[in-house]
């Protein structure tokens, strides 16, 4: 009796937002910053500041791991890169920093062809443990089965398995897909996995028993994953979606698995917005690459750059902006939000009346125009 | 009988708009500008022009207070800054204007470490009252209990309590939170409080018995609060939300408490849009800092810049654009809306058929693209 | 039994669009351009091309009126400006074109203080009629009662009454508001009125018996009305709203009153989009100011610039781009759409399968991003 | 009993999106790139890579046809241009590349006035067939009836009928409209038609029996069709709409007619997004014009540029970026996505868990801000 003609089906697109398109609305209650607590927990480890340093050769070496441990955060050492390929990584890093742009890509492609040494994996872990710092070690999925036991044996505390996009179900011809459920059962240490950006992918990962999820794929319009592959989700939306998955997983399991927004964070404002969007911690790369202590010596590069057939990203001169301590705690005379990240976070939490990171997740946010005109008027009136 | 699976909960973001993203639609009726009335009232004080000058050291000194009083507006003197710390503030201001960029931040951090003198607070108020001008005095919340009685005793007319974000419920370890309800009962003079940007925060403030609310936190994308802390709401949305709170408070109490849009206003267009969005007055800083009479001598800076650990903003060279009188009343030969603010407001009101500020609140507005291309074509065709 | 708490009322903002934010979707049927008809009618006058030249001193003089008449369009002579103040306007125009920027504003303010001569009003009309061209004369509302009879007596064909914003109900102290209903009854000639941008204002104007409505107030983000007063509506939205009023008036009265999009049109694309949005004709200024024949001699300025207290806009060097004939009919070797406007319109109509302007009103349109990146890639790859 | 007043009818505008405004969300499952298949079929011809080269004189000559055939794709030879007008096209192409900008338009207008030679049409087809490559030949609608038989007789495999906008129902005075239904019945070879951008136009074309539809009209904001005519739809929306038409046609007829996104594709990201939006193949011009092998010798131009009365577009210096093989397969040391298009597509498909192009159509997409700020921070912090 009722015959409806099927309507044409058009693909629908969901809006998404990055750091520059949103802002935090101050709360109805306000707190003094000294009454805020920024504790962050992975497995049984609790950190005073919810900051992780990216597992990149230009960002973290053993020295940074120790230093950030003292400051209350967690630096992840990449054992798929220079640190696991060379006895003396500083020699290589020094050369990368010194080569002209025209020669550096070829040199780096050569550097990363050197095989990983199992011996060095254990040694790096032990160097960290000797200083009583927490040893968080990063591996790529393809190497995890082989090297994870070495990390465990050497006393590693946290394993980070990271690639551009990681899903709970990866299908491969060349190696039997890593099963996170099996891995987390076998290993004693908490496993942090990433990156992912969507509700479903995040929820599936959490159901495998992992201890944390890194959030972020091609966050910016100028990101190389976005330019080369078209793939990526702006970080505020990625964080909101994965936070919803975390909350759903908590409802279904009673387990609170932290998410860590990773990628594209440059300023205090980006960091505060990530927490308001729902993250439990942030992972930062380039701001640390810009510290005096960073192994990159004023340069920064990603791992995906190394691909011999499809490089994405390039060695970027980021310069030296500050020290590691000032980056997190100031004092600062800079006014653009590139120092004193912890001070900025605690001030923002105070303005939102949030005593803890979890309370900060409830801060109201607005979509705000990303193009400012402040300052233009001066030039205009000056010119007359 | 009905068991619905809970849907995942995603944080939602509300759109927001600043001056550059909106425009006013002319009305169905139009008026000659000479038939518009721009009166604005705080407590029992009525001002011919709805303009306040920001309580900033580069914007207002005693001289500006007197001058703006004659012109029909209200300048607020900041007694948390140089005026209350130094017997002879002009000496300090002169030096700030003369120092090179490289030395000025350090010098200013030193200048603002000098303690506030209670004696000077009374003296500044008396200087204003001697000229029979209205003495509106600004204090920060932490100093209010201590200094407000001195202001009152010296004959102050209006008290302005201002910080980056002010809420009716502030929680602090170091001092017992200021209770506005207690304060407004004790003091005889009207108390204006700010800043806030949301419906609830504004409504709660109004319920404490205060006489006006300053609206504006991190209004622009390039605002330092936005960059450093991620906090801020574009001014049109902030004004619309606080105007709704004012109207709600009027419905529930019968009292009409004015709101004052404060921050980011540079041009006549910004000002007219603020009134169309619902403000009762505007507070302007940099346009006054650009007058010949301003204490900043062509420079402008905010109070939050002075923080020794987390400075936001910097001393900006704004130059001298006009005189105080021309700024408000013209005549002008400038065509960018940086002079004759009152003329612009009355003309816009006429185009909207608004005889009063309250009628201007009813003007229709549109969301309009902020990127103009006018002018581009000339370059194009010229180049061929 | 039912007591609902009133919800807070927030002002709502309607989205609006300008030329750069929209595009036309080609039709399911296509036509050869030679099968399109672009006739446009005001009162009893029909024009082969739906183009009017703006009543501005830099755009139209008697010579342009005659020339555009021959080409099939209609140029409106401004008799509130130089043409009605000076016996020999070319002398004045020559001097405006030659003065340096620093002196021109003062000179122009002086030029426009010279009183209007009634004798010259009649003379200009007669000059046009002698050439058998249609005499469309523009007056400002305040002068209409006084000068319209002179225009009529001299044989004027169409009266254009134009100011920044014109409403059917203007309230003024200094002169009794012009009543369009009375005027259209008294005058024999069709009266075109403007400018307006909203449905209601346009509908009210049409109900007074006028013969056409000019659409456009502060169309662009960089428009001076927008910067100085905050007033303006992007042209596509203004045209859509006024077209809806025209259609409504046609439904209620059976009379089809044309609307004319006026302001901000620079390229063929802008013009075609205006017709797709619903306009019956376009009024263009700067593209004509850029022709060899234009009285502006490569310069362009608006009437609102002349205000001694609140100037908006400035003399702009637009240069000489083409001739009047090529502007409308080509041929052109320019590829940016700044010549052959009629060819562009007919081609676009063909792509939309529109045989007439009225059919073009039905073309589908999309909101399309205004920021293009085409061309960027070249620089990128060239630089490597 | 019920009399509703008709509401005013406002034209509505549908949002649309281009490459820069969207991004692909990675899937819940991921695949190794080596497990993806990118086959693409027109009629009975299947191609290993879903890439077609645009039928433009600067992009395709016989040499490119053969070369791209070997690489697994399909280059379309334009027989409405230089290849069909000159015995020795290289001579002409060489001269176009060498002339200065000031002389080239006039020269090209002359070059394209030379008549098409029927003899050359057959000869070009035979040159391709001699190399056992697939001969896809492009004609304009007006020449199709006359030249299609020659193409068929010479052994052409695929006919491409292409103009700026092509509809199933074109009305013309000068020639009886081409009927695709008749043509596809008469011709033995598959006919690919374009361009179109909307659901209805695409569906109507498919119903005429054609074998493929080219999608794309004025895709970018800076496109000349958009600037000159206001006509155009951003490619993601055009692709989504035409993909819906293809799926609808498949439901009603059981025939799967491929669509090919054509125009504006520059980077790997653009290509991957086109497939996620629903295309079956992409047609690229400028990236091929930038190869060493391209007939344009580092220059690129469109056919619509040649119009003597309304040229759109111009000769652009695009430079030499890569080789044809590297463009599709790498290896590359470029990091902006301008080489290794097939590698990029397979990697993106893997990240989306898509084993085939049809599965890639199901990838989730987001609307993502097109303005990135990455990199800005460096300049900021370096400058301090």
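Points to keep in mind about this one:
The first chain written gets the first letter, and so on, giving A, B, C and D; residue counts start at 1 in each chain.
As a working rule, contacts are C-beta pairs under 8 Å (C-beta built on N, C-alpha and C of every residue); 3 or more make two chains touch, one makes a residue touch a chain.
Bear in mind the structure is a predicted one, so any value in this text is a computation, not a measurement.
Note on chain B versus chain C: their Cα superposition corresponds to a rotation of 90 degrees, in steps of 5. When chain centres are defined as mean Cα coordinates, A lies farthest from chain C. At the chain A-chain D interface, residue numbers used by both copies make up under half of all numbers present, so the two copies contact each other through mostly different positions.
Between the CA-based centres of chain A and chain B the separation comes to 38 Å, rounded to the whole angstrom. Centre-to-centre, using mean CA coordinates, chain A is 54 Å away from chain C. Looking at chain C, residues 17, 20, 267, 334, 336, 370-371 sit in touch with two or more other chains. Listed in rising order, the residues of chain D touching chain C in the complex are 6, 8-11, 13-18, 20-21, 105-106, 109, 164-174, 196-198, 200-201, 204, 217-218, 220-224, 226-234, 237, 264, 266-267, 286, 290, 305, 308-314, 316-319, 321, 334, 336, 338, 370-371. Every residue of chain A that touches chain B in the complex is listed here, in rising order: 17, 19-20, 22-32, 34-35, 199, 236, 240-241, 243-245, 247-248, 251, 267-273, 276-278, 330-337, 340, 343-344, 347-348, 351-353, 361, 364-375, 377-378, 380-382, 384.
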